[in-house]
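Okay, got some structures for you below.
The two complexes that follow have chain A in common; it is paired with chain B in the first and with chain C in the second.
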Partner chain A sequence: MASRYCWQTIVLLLSVVIAVPTLAGEPMEKIKQTTGKIIAIVTDPALKAPERAKERRHLIRKAVDERFDWGEMSRRTLSTHWAKRTDAERKEFINLFGELLERTYMGKVDDYSGEKVRFENEIIDGDYGIVKAKILTRKETEIPVIYRLKKKSGDWYVYDISIEGVSFINNYRTQFNSIIVKSSYQDLVKRLKAKVE
Partner chain B sequence: MRNALRLLLVLSLWSVEFPAPCLGEISTFSSSFEREEGILFAEAGDSSVVTHQPEINSAAAPLNRAQTLRLCQSSDSGKEGSEPRFPGEEVVEEGIIADPLEPLNRVFFNFNDRLYFWFLKPVATGYNNAVPEPLRVSLRNFFSNLFMPVRAVNCLLQGKIEGFGIEITRFLLNSTMGVFGFGDPANVVFNISKKDEDFGQTLGFIGIGPGIYINWPILGPSSLRDTVGIIGDGFLDPVNYLAPHTRYNMGVKAYEKLNGTSLVLGDYESLKKAALDPYVSLRNAYYQHRQHKIKE
Partner chain C sequence: MKRFNLELSVGLFMIAGIVCLGYLSIRLGKMEVFGEKGYEIKAIFSNSGGLKAGSSVVIAGVDVGRVKKIILDDYQALAVLSLPLDLKIQEDAIASIKTKGLIGEKYIGITPGGSEKTIEPGGRIRDTQPAVDLEQLLSSYVFGKL
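Now for the complex of A and B:
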């Protein structure tokens, strides 16, 4: 029953998307631009020199910041704990979370070795969008990736990525919630700080 | 033995009581349960939204059945303060997997961690250096091809006739054109990709919940349902018929594991690096991944 409802609405949405060609394709276009930019930076032979590593990271970070909404991600990972935080605490958390992600994933971007990203389709409903893609690795595996975007002030920002069905935000939310419930928010901040040092 | 079976039956039936579309499987075993707040996530300051939920820090009181059912219903309606979920978006499974055995699971997690870094990784790295990647990929294809009966039968059990046909077709193509399964022309040339089904997914498909999380030593993360699934699949696995003697059987399985691990070296390290609590991260990733596979 649920899947039938899903199919009907997907068909409806797709027809809406096709009927309004000027709006269709925006989230996918934006993601294509960003992934294109990052791949260009990573494969640029001039930037491969170790002296320019810092500049390279800075460029990548800038490209990522254009498309990823750290505030939205932070809010969703803390979920109900977010409401209780003061403004200063929220700012601190957004910074720490951003640092954690940068440290974790910057190295992975450096490991890029020619994998192709094939964009498949997208679904848009109002201010929310989903873009589905597949990453084709060297080892003949296809990794399905889903980007979830939200429209803010006219531009589309990613707030979640699911790889093979595992949502990144969901995963962090479980971890953070587990730590906050077992000890405290302050302990979470302490652990985050220790991790990014 | 009989008591163990009774316990298994009770635990699996307990999880069947909550219908599959219900988001959120709440543990009433453990007093330190954790809850995915996604279902009752509320916009700060949005007064029209229902924000009632048990105080998070008074985790000692287990949820009673009525509250759990309300959780299921509210998530289905999607109206009360849940993250805006629009039709067409695949329903993000906000549930959690019950983990009453957490202390024991953590012990096994640490054991597996040591096993990986002290044994499996060094051996796989040496193996990596000795055997070139294309050959290892071919070996993986070979084992995967051999595993076809498991996938095909489980497609049938779930009523996925097309999937069954796809698996048979892939097997025939890969065994002939792909030379006994070492190649994968079905995917590379004809774009027919694998329909990965197993008995654990079949059980999930018919509505059986995962039960509880079990992190087996050596075998890794699993759940009650998926463990039953692995046992069930054992009856369909050709290796168990071709190499029935324990010594050879374990040898083949161990080699398959080694070969598979050699192709994904680095994944576990990435998970540890990205996570604040790798145990929770792995459990959550495992649960989400299985939910995703069941839905496919």
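Now for the complex of A and C:
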């Protein structure tokens, strides 16, 4: 009798112990890891040498690729035009989009000068998560940032960032739509290629 | 007899006038006849910026629906949107609070998404952008933090 309850207690305890690590895989934890990685790369004195710039960018890009879902972001920015694209076109677009963002924002990451990121809270709603943070600039302004994540294959990936309430995806969605409607999807691709070359 | 005719015509004229007035007020008041035929979805904003019930819902610059009501829910603004039955909103559409002009009235702009899944009646637009509070933005950049 006693041994039966003993068994149950052990199983219960074990399940709690095993459950705890999965609780730690929440969106905020994932974002913290990625921003931590990127800040570590950017502040690493060994990588500051100009000859290692390419390596540095490659490492940053790798850290970003782990957390950002380029496919999801591409679909969201192309919106109603995504359905009409072939698989090859979609693959091409996802690559171009990643390159565009790297070109646009990598320079800004290089300009990092000690800004801190303070994570405030997270809201999880099924497979979707929202992480709210504040970037504290050197001038002591606080910039509110909201990360939107989606759970895929057990891991959390960012699909949108809002800075001061302005959505990154919405910004590109409006611009891409405007170009596609005014001229064509091929023209958009041409423009993107020109920007990343 | 003549008296009766006169009173009759005056009466009819009055009725005609009131009917015209009624027609005008309904048209100008933009009462939606599809009210019963539309469906409702929700959107939650951290700042509604003064959006009112009756405000427009706009897609690609076209007036497609109305804000049925706007209430406070868990300290956020919950807007109930009324949309025509044949208009489907994708699951990854983004709803933002925009302003007509720079300081005009607020409305909700929806940019369509790329998902094949659409929002069911009674569902919610997940991704929203709040109204931009220009004063707050200005103050945080001009004055910084104490």
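Miscellaneous remarks
Rule of thumb we're sticking to: the second predicted complex is superposed on the first by the 172 of 197 C-alpha atoms of A that agree within 3 Å, B and C clash if a C-alpha of one lies under 4 Å from a C-alpha of the other, contacts with A are read in each partner's own complex, and residues count from 1 in each chain.
The rule is short, and it goes like this: a residue touches a chain if its C-beta (ideal position, glycine included) is under 8 Å from a C-beta of that chain, and two chains touch if they have at least 3 such contacts.
Please read these numbers as outputs of a predicted model, since none were measured by experiment.
When both complexes are superposed on chain A, chain B and chain C end up clashing with one another. Once chain A of one complex is fitted onto chain A of the other, the partner contacts of A:K108 are limited to chain B, with no touch recorded for chain C.
In the superposed model, A:L192 makes contact with chain B only, not with chain C. In the overlay built on the shared chain, the residue A:S167 is in contact with chain B and with chain C. Residue contacts after overlaying the shared chain place A:F93 against neither chain B nor chain C. After overlaying the two complexes on the shared chain, residue contacts for A:I123 are found with chain B alone; chain C is out of touch.
In the superposed model, A:Q175 lies in contact with chain B only, and not with chain C. After superposition on chain A, the chain B segment that clashes with chain C is 217-225; the remaining candidates among 1-9, 109-117, 163-171 or 217-225 show no clashing C-alpha atoms.
Annotation: chain A residues 76, 79-83, 125, 128, 139-140, 142, 148, 162, 164-167, 170, 173-174, 177 touch chain B in one complex and chain C in the other.
Interface residues of chain A facing chain C in the complex, by the touch rule stated above, are 75-83, 125, 128, 139-143, 148, 160, 162, 164-167, 169-170, 173-174, 177.
Residues 2, 5-6, 9-10, 13, 76, 79-83, 100, 104-105, 108, 123, 125-126, 128, 130, 138-140, 142, 148, 162, 164-167, 170-182, 188, 191-192, 195 of chain A are the ones touching chain B in the complex. Touching chain A in their complex are the following residues of chain C: 46-47, 90, 92, 94, 96, 111-116, 126-127, 129-130, 132, 137, 140-141, 144-145.
Looking at the complex, you find that chain B touches chain A at residues 21, 32, 34-38, 40-42, 44, 53, 56-57, 59, 83-84, 86-94, 96, 133, 137, 184, 187-188, 193, 263, 270, 273-277, 280-281, 283-285, 288-289, 291-293, 295.
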